[in-house]
Amino acid sequence: MTDLRLGLIGTGRIGKVHAHNLKGAVRGAELVAVADVVGEAARSLAAEVGVEWVTNDPRELLALADLDGVLICSSTDTHAELIVAAAEAGKAIFCEKPIALELGAIDRALEAVERAGVTLQVGFNRRFDPSFAALRDAVDTGRIGTPEMLRITSRDPEPPPIAYVRGSGGIFCDMMIHDLDMARFVLGEEVVEVYAMGSVLVDPAIGEAGDVDTATVTLRFASGALGVIENSRRAAYGYDQRAEVFGSKGMVASRNHAAHTAEISDATGVHGPLPHYFFLERYNQAYVNELQAFCDCVRDGSPPPVSGADGRTPVVMALAAGLSLRANRPVRLEEVRPEYWAGRTQ
Amino acid sequence: MTDLRLGLIGTGRIGKVHAHNLKGAVRGAELVAVADVVGEAARSLAAEVGVEWVTNDPRELLALADLDGVLICSSTDTHAELIVAAAEAGKAIFCEKPIALELGAIDRALEAVERAGVTLQVGFNRRFDPSFAALRDAVDTGRIGTPEMLRITSRDPEPPPIAYVRGSGGIFCDMMIHDLDMARFVLGEEVVEVYAMGSVLVDPAIGEAGDVDTATVTLRFASGALGVIENSRRAAYGYDQRAEVFGSKGMVASRNHAAHTAEISDATGVHGPLPHYFFLERYNQAYVNELQAFCDCVRDGSPPPVSGADGRTPVVMALAAGLSLRANRPVRLEEVRPEYWAGRTQ
Amino acid sequence: MTDLRLGLIGTGRIGKVHAHNLKGAVRGAELVAVADVVGEAARSLAAEVGVEWVTNDPRELLALADLDGVLICSSTDTHAELIVAAAEAGKAIFCEKPIALELGAIDRALEAVERAGVTLQVGFNRRFDPSFAALRDAVDTGRIGTPEMLRITSRDPEPPPIAYVRGSGGIFCDMMIHDLDMARFVLGEEVVEVYAMGSVLVDPAIGEAGDVDTATVTLRFASGALGVIENSRRAAYGYDQRAEVFGSKGMVASRNHAAHTAEISDATGVHGPLPHYFFLERYNQAYVNELQAFCDCVRDGSPPPVSGADGRTPVVMALAAGLSLRANRPVRLEEVRPEYWAGRTQ
Amino acid sequence: MTDLRLGLIGTGRIGKVHAHNLKGAVRGAELVAVADVVGEAARSLAAEVGVEWVTNDPRELLALADLDGVLICSSTDTHAELIVAAAEAGKAIFCEKPIALELGAIDRALEAVERAGVTLQVGFNRRFDPSFAALRDAVDTGRIGTPEMLRITSRDPEPPPIAYVRGSGGIFCDMMIHDLDMARFVLGEEVVEVYAMGSVLVDPAIGEAGDVDTATVTLRFASGALGVIENSRRAAYGYDQRAEVFGSKGMVASRNHAAHTAEISDATGVHGPLPHYFFLERYNQAYVNELQAFCDCVRDGSPPPVSGADGRTPVVMALAAGLSLRANRPVRLEEVRPEYWAGRTQ
C-alpha cells in the first residue's frame, strides 16, 4: 500500500514535533506539504524535514489534489474554520486540541466533518502515553473492578508568559482540558457535574489577567463515581503527571516518568531523578503513537481513537468548571449550552 | 522522678492498645486502675496487664486520690461528661477522638478543662505517625516552600457493621475526622470553606442508613491553599493512608506502610507486599508515641501536642462537610455554630 | 500455663535489648534473674526492668532451681563454656552468635547440649526479620522456582572501634557471619565452596590489625546455585541490609527499611529517607520475634528454629572465607576441620 | 555542514537497528550504501530505509569513494578483517562488539586503524544508556566519593539457540563482555584480577556445548575496589539490567526500565510492570545515542567515546574469566597474552 500523503498547517512547537515524527518515526505516511501564515517559518521547517512544497496560505495547501490528509497545528482560533475547509476538501483531519473555545464553532466544525464523511482525530495525545493507556486498560479489563474514585494530578513546571495566559481561555480550557479528557478516557464514562476551587498563588499577574493558577475540580460521574483533578501552573520539580483510579477490586496508579533510574544514597537521604521537565520529553512517545494511530485509521477506514465528540466534551467540562469557579457552586454539564455560551470564552 | 499513675476508662479495642502500650512501651508511667461499665471486660484486661484495682464505675476511678491522670476510651457519647468529671477531679486527661459530635457538649467539656487548669490531650494518633510527622516537618521547616495544595487519601479495608454506621455520626465525623485533623496539622493553618461530594458505591445499606461510603471533600485554607480529602469505606488492598503537600518549592508525599519490603518479579510482573491491613498495624508506633507525649507533657507541665481546640475544630469541619453534602454547595466553617447545631449530630 | 522463668547472663547492648523485650513485648515468659561479671551493670539493668535477683556470678544464676532457661549474652569467648554449664544445669539456652570462633569449643558445647537434651537456640536474629522471612518464604513455597543465584549486601554504618576489630575474629566471623547464616537460611541448602576477595579501603588501621574492611565472598551451593555476599564496615547512608534470590521462575528481593515513607520532590530531585541507622532500629522486631520463638518452643517442646548446627556451620563458612582470603584461592568447606583449626581464630 | 555519508555492512538484527536510526533519529548523517553477503537481505533492508546502492560484497562498498564512514555489523569473525580493510580505505569505522575473540586479530585491526589514522568506535551501546551514564556521572563527579564496590546484574530473558551458544565464544565473551566493559566504564579504572564461578542450571545442552549459563565473576580493580558481575541466560521476568556502585560517600544504583509506570494494588499485592523484555526495547535510546556520538566525533574530529582499546580490554577480561572458570582459581589479567591465546577462542 502506498504511503499517505499528508500536509501540515502551522509550524509552531507542536507542528514541528509532528513533522519530525512523520519523517522519522511514523510508518506509512509522508509529509509532502507545509503551510504557515508566517512563510519564513513554513520554509524553515520544510527544509529541516526535506519537504519541497511550501506555502503561507493554508487554503492553498488544502487545495492540493493529491493530499490524503492534513494536520491542523495552527493557533486555536483558526482550528474550527480550517476543519470546515479541510472537510469540504475531503481531507482526513488531525486537529490539535482544543477544536475551539466556543461551542457554536465546535458544532459547526463537527457538522462539516459529518457532512463530508471524513476522518477527524483530535490531538489528545496523553491517551497514547503508555502509562495512561495502562490505567485505561486496567479499568477496561475489569482488573480493578468498578471504578469509584479518580484522581489526576497535573502540574506544569512553570507558567506560560502572561500574554499567553490572557489569550488562553483560562486554566480550565488551556491546561486542565487534557485532564478533563483523561477523566473520560480512563473511566470510560461521562461526567455530569463539576465543582471548581481555585486560587492565585503562583503569580499575581495571572490573577490580574482574570485567571487562577492553582485549581482543583471535583467531578461527579454518571455512575456516581467521584473524581478530583489538581492543577498548578508551576512545580519546582518539573512536570507532574500522575493519575490514579480506585475501584471495587483495587487501584491502579501511574507515577511520573524520569529520564533514567539511577538513585543516589548518601548521608542525607536517597535521591532519585526528577520527572521529565515538560511535555515534549514526557509525551514524546505519545505524540508518535497518536499520529501513527491517525495514519492507521485513515488507511484502514476505521474510526479514529479520539473523535470529534471527544474533542467537544472536554470543552463543555472546562466551561462548566469556569462557571463553577466564578459562581462558587457545583455546575451540571447540561447547564453549558451553545446558545448560552455564544461569544464567551470561559 | 516517680512514674505517673494513670487510670483507664473503657476497655474496648483502643483501650486495650493503650493499656498494653503503658505496660510495655511507654516510659515514666504506670497503669494502676481500670474501669469499664462492663465489669467483666475491665477485670479481663486488668488481669492481662497486671493491674489490681478494677471497677465498673468510672466515677469511682476518678475519685482515686493518688491517680495523676486518666485515659478516656469509652464510647463517644460519654467522652464529654467524663472530661468534665475528670477535670473537676483534677486529673490530667487523655481523651479519644472525637470529644463529642455536638458542639455544645464539646464546649462545656473544654470550659471545664479550662476552669480546672488540667492537661487535656485528644487522641489524634496519626499526628504521631513517623510518615505524617515527616510531612509536617517538611512544611514547618520551609523545605517545600509555602504550601499550596494538600491531598489526603484515606480508605478503610472494609466497612464497619451497619449498626455501627448508624450510630457513627456519618463518614465525616467518624472516619474523615482524622483526615480533617491531619489537614490542619500538616499545613499548620485553618480551613475556611469545604465542599463535599459523596456516593453510595460500597454497600446500599450504608445509603439506607443515611450515610455515604465514598466521599471527597475539597478544602479552602485561609491562605488560599487548596486541599482534597478522599475517603472510601472499603479498599480491596487494605488500609490506604497517604498524604501529599505541594508547595512553592516542592512536594512532600508519604506512601503506605507494609510489613516487609520483599518484592517478587515473575513472568507476570513485579509484586510488592500489601499495605498494613488496618489501623492497629499501621499506627502501632503512633499509639505508643502519642501516649508517651501525653505522659511527658503531664510530667513536664508543658502544653499537650493535641489540645482541646484541636479536638473541637475537626468536628466543626466534619459538620460543615455534612451540611455541604446535603445541600450540595460549598459551606464556610463560620456557618457551623453551636446554637445552630444544638441537638443534631450531623 | 505459667510463664517461663528466664535468667539473663550478660547485660551489654544486646542483653539490654532482650531484657526490655522480655518485659514489654514477649508473651509467656518472665525475666527473673540477671547476671553480669560487672555487678554494677547487672544491678543497673535489673533495676530498669524490675528484676530483683541479681548476681555478678553467672554460675550462681545457673544454679537457681526454679529457672527454666537462660539467655547467654556475655562476650563471645564465654559462650561455649556457659552453654556447657547451662546444659548441665538442665536449662533451656538462648545463646547469642557466634557460639565460639573455634570449632573444638563449639563441638564441645553442642555435645553437652545433646547429652543434656535441652533446647539450644542460637541468636541469628535476622531470620526473624519480616523481609528476610518473606524471602525465605518465596523460596520455600516455590514461588520463584529453583534458586539459582543469591545476593546479600550487608554494610554497617561505621566501623567498630579498632580495639574491637582486633578481638573480633575478623570481618568474616564478626560481621559476615550473619550473612553466611542468611545464605543457608534463605536458600535452604548448604554451601560447599567459597572464594573471598577483600580490601582495606575504609581505615588503614583495620589493615594493620590484620583484617579487611571491604569484602566479597562468592558461594557455591551443593545444587550448583551461586551466591555473592558483599560487606563493608562503613556506609555513608546507614545500615545497608538487602538480599535477593534469583530462581528459575523469578526473583525475590528485599530493600532497606526506613523510619518513614515521606519523599520530598524539589528542584534537585526526589529525596527519600535514609535506611535505619543500625541494627537495633532495623532488627527491632526481629529481636522480639526470635525471643518469642525461643519461648514458644521451650514451652511447646518443639525444636528451636535456629539449632546448634545452624550456629556451627556459619563459623565453618567464615573460617573458610578467611582461609580463602589469605590464600587467594577458592576453599571447600570440607577443608575446615576442627583438628586443623584448633587454637586458631581465623 | 553536509551530512556524513555512511555505508552499512551486515543487515542482521543490529544492522537493521542502526539503519533505521540513521534514517529517523540520528542527525547529520545519511545511510547511502548497504552490503550483506546475503544479497537478498541487503536489498530488503535497503528498500525499507530508502537506500539505492546495494551490494553483496562488502569490499565493493568499502571501495566507494564518496563514503565517509562504515558501520560493521556483520558476524563477529569478519569484524577484524573488515576493520583493516575499512581503515586502509580511509573510512571512519563504527564496529559492533566484540572486535574479535582472538587477541592477535584485535591487535592487527587496531594497528591498521592506528596506521590509517581513522576514527574507530566500538559498539558498547550500554555506555549511552541514560541510567548507566548517570552511574558513571555520579562516580566522575565525586558524588559518591571513592568507588569501593561495584555490582552489575545482567540477565537475558531467554537463552539463545544452542547453535548460537556453540559459536559464541562462551558466556563471558558473548554476554558478560558488555558488563566487563561497563565495569571499566563506570569505575573509570582497570581490573587487575578476576575469579569466575559458573553453573549449568538453565539448560543442560549449554553444558554439553562446553559453556555455563549462570555465572558470577568477582573483580579486583587496581585501586583495591571490588566488583561482582552476575549473569544468567534466562530470567522469567525479562531483561534484568541493573548496576550499583558503592563509594566512600554513598551509593548510586540503577533499576530496570519498564514500558510504563502504572501499578495495580489489589487483594493480593501491589503489582508493577515487567522490565523491558530485551535489549532492543531497553537500549533503544542507547543505540541512537551511540550512533549520534559516532557521527558527531567523525564530523568534529574528536576522539570517539569508545576507543579501540576499550574494545580490546573486555575481551582480555572475558578470556581471563574463562580461564578462571576452567582452572577454578583467580586469574590476573596480565596472564592473558596474545601469544598464549593465539588460536583459542576462550
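To keep things simple, chains are lettered A, B, C and D as they appear, and every chain counts its residues starting from 1.
Operating definition for what follows: contacts are C-beta pairs under 8 Å (C-beta built on N, C-alpha and C of every residue); 3 or more make two chains touch, one makes a residue touch a chain.
None of the values given here were measured: they were computed from a predicted structure.
**Q** Would you say C-D or B-C is joined by more C-beta pairs in contact?
**A** Of B-C and C-D, more C-beta pairs in contact link C-D.
**Q** Which chain has its C-alpha centroid farthest away from the centroid of subunit A?
**A** So the farthest one, by centre of C-alpha atoms, is C.
**Q** Can you work out the whole-Å distance between the CA centroids of subunit A and subunit C?
**A** Centre-to-centre distance between subunit A and subunit C: 58 Å.
**Q** Mind checking the centre-to-centre distance between subunit C and subunit D? Centres are C-alpha means, answer in whole Å.
**A** Distance between chain centres: 42 Å.
**Q** Using CA atom averages as chain centres, what separation in Å is found between subunit B and subunit C?
**A** 40
**Q** Multi-chain contacts only, two chains or more: what residues does subunit D have there?
**A** 236-237, 249-251, 265-267, 273
**Q** State the interface residues of subunit B toward subunit A in the complex, per the touch definition above.
**A** For subunit B paired with subunit A, touching residues are 145-146, 148-149, 151, 153, 155, 195, 197-202, 214-216, 218, 220, 224-226, 228, 230, 232, 234-237, 240, 246, 248-251, 328-330.
**Q** Could you pull out which subunit B residues touch subunit C in their complex?
**A** Spelled out, the residues of subunit B in touch with subunit C are 23-25, 129-131, 133-135, 138, 143-144, 249-257, 259-267, 273.
**Q** Which residues of subunit B touch subunit D once you look at their complex with the stated criterion?
**A** Those in contact with subunit D are residues 236-237, 265-275.
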